[in-house]
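Each structure below appears as structure tokens.
Next, two complexes with chain A in common: one pairs it with chain B, the other with chain C.
== the complex of A and B ==
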């Protein structure tokens, strides 16, 4: 009896000790960190926060990982080994003679992430995948697919995504890492936070003064952002998006969201080098439930955010379109010759 | 060799003269509110002058499309160039004339290309200055162009760009920005005024009242001009309630112009 009581007490002590530890682990700050403050008293989030490190973590979780948010040691070791193989390939001066060389730039052209234990950028729903589309969104997708069957893939620039056209990747497409130019810079002043994204050179200016959103007929690719502080967390609510254009994925590809999209982002400094970025995506006209992306961004004070003159240097789009017209002409002439 | 040396001396003397000039124009008496002890230049600003049409004096003219009637006509304006003359070298003066004649084809603004410095400042669109205790960010509504002014240790341009590399410092009430690394592809206005990739621009932003800021820019380019020259014009604060920069992603409005000839034509 005595023994039993002791065991129970022991268990209770262990549980009492564990519960807060587990809760803390889930809620993030293990030990409390006080971020530096700006001279005007706001938490200071300023600096370079490229999302490059998270490159290699897929947006949606692979099926085999199920509801596991993190890799096992074994899976992580595989990712590390893969990263080493990639790094070795990047160090090659020349493409190996037996390699299948395509039109892509050489391997060392791309930036690489750092192996992560996080299984997917999507952390909610628990399976790490985008929730199912609503019936309305399915109908939109079907209509889009039907319309694209009546055209060639390069009939016009309008057949290309907004990224190819250097217009915009949207606010999530601008931070989800891609092969290069993942620079993200935060600059603050009293009453405002500004976020610069390197590729396509876009800037979001986020007022913190509690003003209402712009009128509902003012729509844009990057939406209309309003921010406020909740303790040391910057909370940004963005609405007024242009619907039916960009999706949420690398470079803004994917099922286009509707004009009803509302995104809540939460940015919290966790320690001197980590800025947690969390975005809740809520578009009841497109997805059957809200879903969430999470990325710990790492500070890189030496990162140089260079001018990405995307449109100014967009020779690709003109070349693709003119190439398609030239190919059509060649086909027509070949057909004429054959019929003679 | 001696040419290089004497050019260097000339450049040095010029920059001294340019550096001293503002001392005479300094005593305007207005002291701006402060951000971390420095004059607060933040806010949404816009030029009202017609400098983007032509930096020099210009009369009203018909526009290129009669269908647009009065809407498409060119407004008159008084120039913003000190002395009202841009000191082109002879070849460059001829090129400017050619640019003017072909302006409805050649002006990079038509294609929604980044406007460069100084043109970004006097485009007919607002821009916003975000001023932290460390950096100053300028965001232009036109084409989402932007640049960060480095107020720390001056950095050399790592490559030529449309908006250049900006190193800034404070001289009393004035933010002085040294801009290099410009690629020379942007024009200075719709009249074909231009500079080259050798251009060096020194800008001065000085608040002169709560809602007005003086903008000065000295342009030096040994490939194009015979001497440094200067523009100055006021910028005004946009004071509408809840005013904000909006998206003017003009790429979409330029695609038919740029890629139209490659579009598949219906049979």
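== the complex of A and C ==
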């Protein structure tokens, strides 16, 4: 155990570590803020709330941070210094003489985010990682892995994620920050809240009138959402998902959840520019316990939610599949030559 | 002016393959086939998920080949200040990237510069970048 050679320094470290964790654990506002109201009296959450600022925060906490929910001052200073170096590089007019093109998209495609102290988007369990899979989910994953061994990675479009195929990223995949196009817009009218996601241009219409969920045979990628107000917090419960498709991660990639998934989202305005977003993920057929994601979303009134007509130019999927067929043909021809 | 197509058989350097854009680029392009293209822009397709720059390149045999270069999502390049006027037809550009695996005249746009070496895309969307703060 680390020896604290100065008691007061040790206490300061403990307090510094605990205070943000407590702040994060309490989702109720820690300071008094009364959000504006809509003309019909609901808390007004309307506006542009892109998740871009949180881009550098990983979904799952790196091992070296353990149960620390926040970075130290030193770690945070390193992130800030890196951001400044990136900004300086962005301002360069000329490519460096020794620059080499990579196969991945170049850096200029990406948003930069802002350095954050939060150590992971997952805030519960306290280690910031997804809980273990259930035995049933492990069997599903093993079956999936076994099936993938019998085929190539690009045999069919069905071997590609639902995002590649311009279908859907699911409700969490639509808000977990990606390198670009993280626009989220909230629009309200009496009895409804609508949430628009820039990519892949989906809109959730959330009724607030207490009606029951759709019947269990009605299933969709974005699920069936019902909302209500708890004080100034919008609480949204979403069920009726299509299971065994998307996961919960960037772009909806990850261990697919089951049709039993139930997501509870809580949205609370903390001040004029901050909307706390919290999502509890409860899928007893996939994870051994519910888990939670947290992001403070920042208002960006200048953000334009531009159309993302995903399938219009999705040449890449055809290129990948035809590229794989070309490689197979080349292999066959090489084998024929060898056998001659 | 002599336009050049050079498919470099050497110079393979492995980058980490991932799927952080709309799809895994290493599945679409061949890491063993770097390419350098010099030519004139004929059109830019402002389409999602990714834009495409069309350019005519004169090959060593004198024939003109129309190439397509994969670019960023229109949404993000607009946010970086790129407009429909940023890359007019006729503009001469140099592209360094990798050939498509399917053998078509397509490449990723790893590095794209104007003839004088200036970067096609400059600025970055970092909110702490003073240029972006001015834009707002």
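Things worth noting here:
The rule is short, and it goes like this: the second predicted complex is superposed on the first by the 302 of 340 C-alpha atoms of A that agree within 3 Å, B and C clash if a C-alpha of one lies under 4 Å from a C-alpha of the other, contacts with A are read in each partner's own complex, and residues count from 1 in each chain.
To be clear about the criterion, a contact is a pair of C-beta atoms (placed from the backbone, for glycine too) under 8 Å apart; a residue touches a chain by one contact, two chains touch by 3 or more.
Just so we're clear, the structure is a prediction, and the values are computed from it rather than from any experiment.
Placing chain B and chain C on a common chain A by superposition gives a fit, with no clash between them.
When the two structures are aligned on the shared chain, A:214 is found in touch with chain B, with no touch to chain C. Legend: residue contacts after superposition of the two complexes on their common chain; A:190 is shown touching chain B, with no touch to chain C. Of the two partner chains placed by the overlay, chain B and chain C both lie in contact with A:324.
In the superposition on chain A, A:181 contacts chain C only, with no contact to chain B. In the superposed model, A:309 makes contact with both chain B and chain C. Once the two complexes are overlaid on the shared chain, A:164 sits against chain C while remaining clear of chain B. Of the two partner chains placed by superposition, only chain B is touched by A:156; chain C is not. When both complexes are overlaid on chain A, the residue A:92 reaches chain C alone and has no touch with chain B. When the two complexes are overlaid on their common chain A, residue A:222 makes contact with chain B while staying clear of chain C.
Partner contacting the larger number of chain A residues, of chain B and chain C: C.
Once both structures are overlaid on their shared chain A, chain B and chain C have a minimum Cα-Cα separation of 8 Å.
Of the residues of chain A, those at positions 154, 166, 304, 306-307, 309, 312, 317, 322, 324-325 touch chain B in one of the two structures and chain C in the other. Interface residues of chain A, counted against chain B in their complex, comprise 38-40, 46, 152, 154-157, 165-168, 185, 187-190, 192, 194, 196, 200-203, 205, 207, 211-212, 214, 218, 220-222, 304-307, 309, 311-312, 317-318, 321-322, 324-325, 328. Every residue of chain A that touches chain C in the complex is listed here, in rising order: 53, 83-84, 86-87, 89-95, 99-112, 114, 153-154, 160-161, 163-164, 166, 178-181, 183, 198-199, 250, 253, 302, 304, 306-310, 312-317, 319-320, 322-327.
The touching residues of chain B, counted against chain A in their complex, run 35-36, 42, 111-114, 128, 130-135, 137, 139, 143-148, 158-159, 161-163, 185, 242, 244-247, 249, 251-252, 255, 258-259, 262-264. Those residues of chain C that touch chain A in the complex are listed here as 11, 13, 15-31, 34, 45, 47-52, 68, 70, 72-80, 96-98, 100-104, 106, 108-111, 113, 117-119, 121-129, 131, 136.
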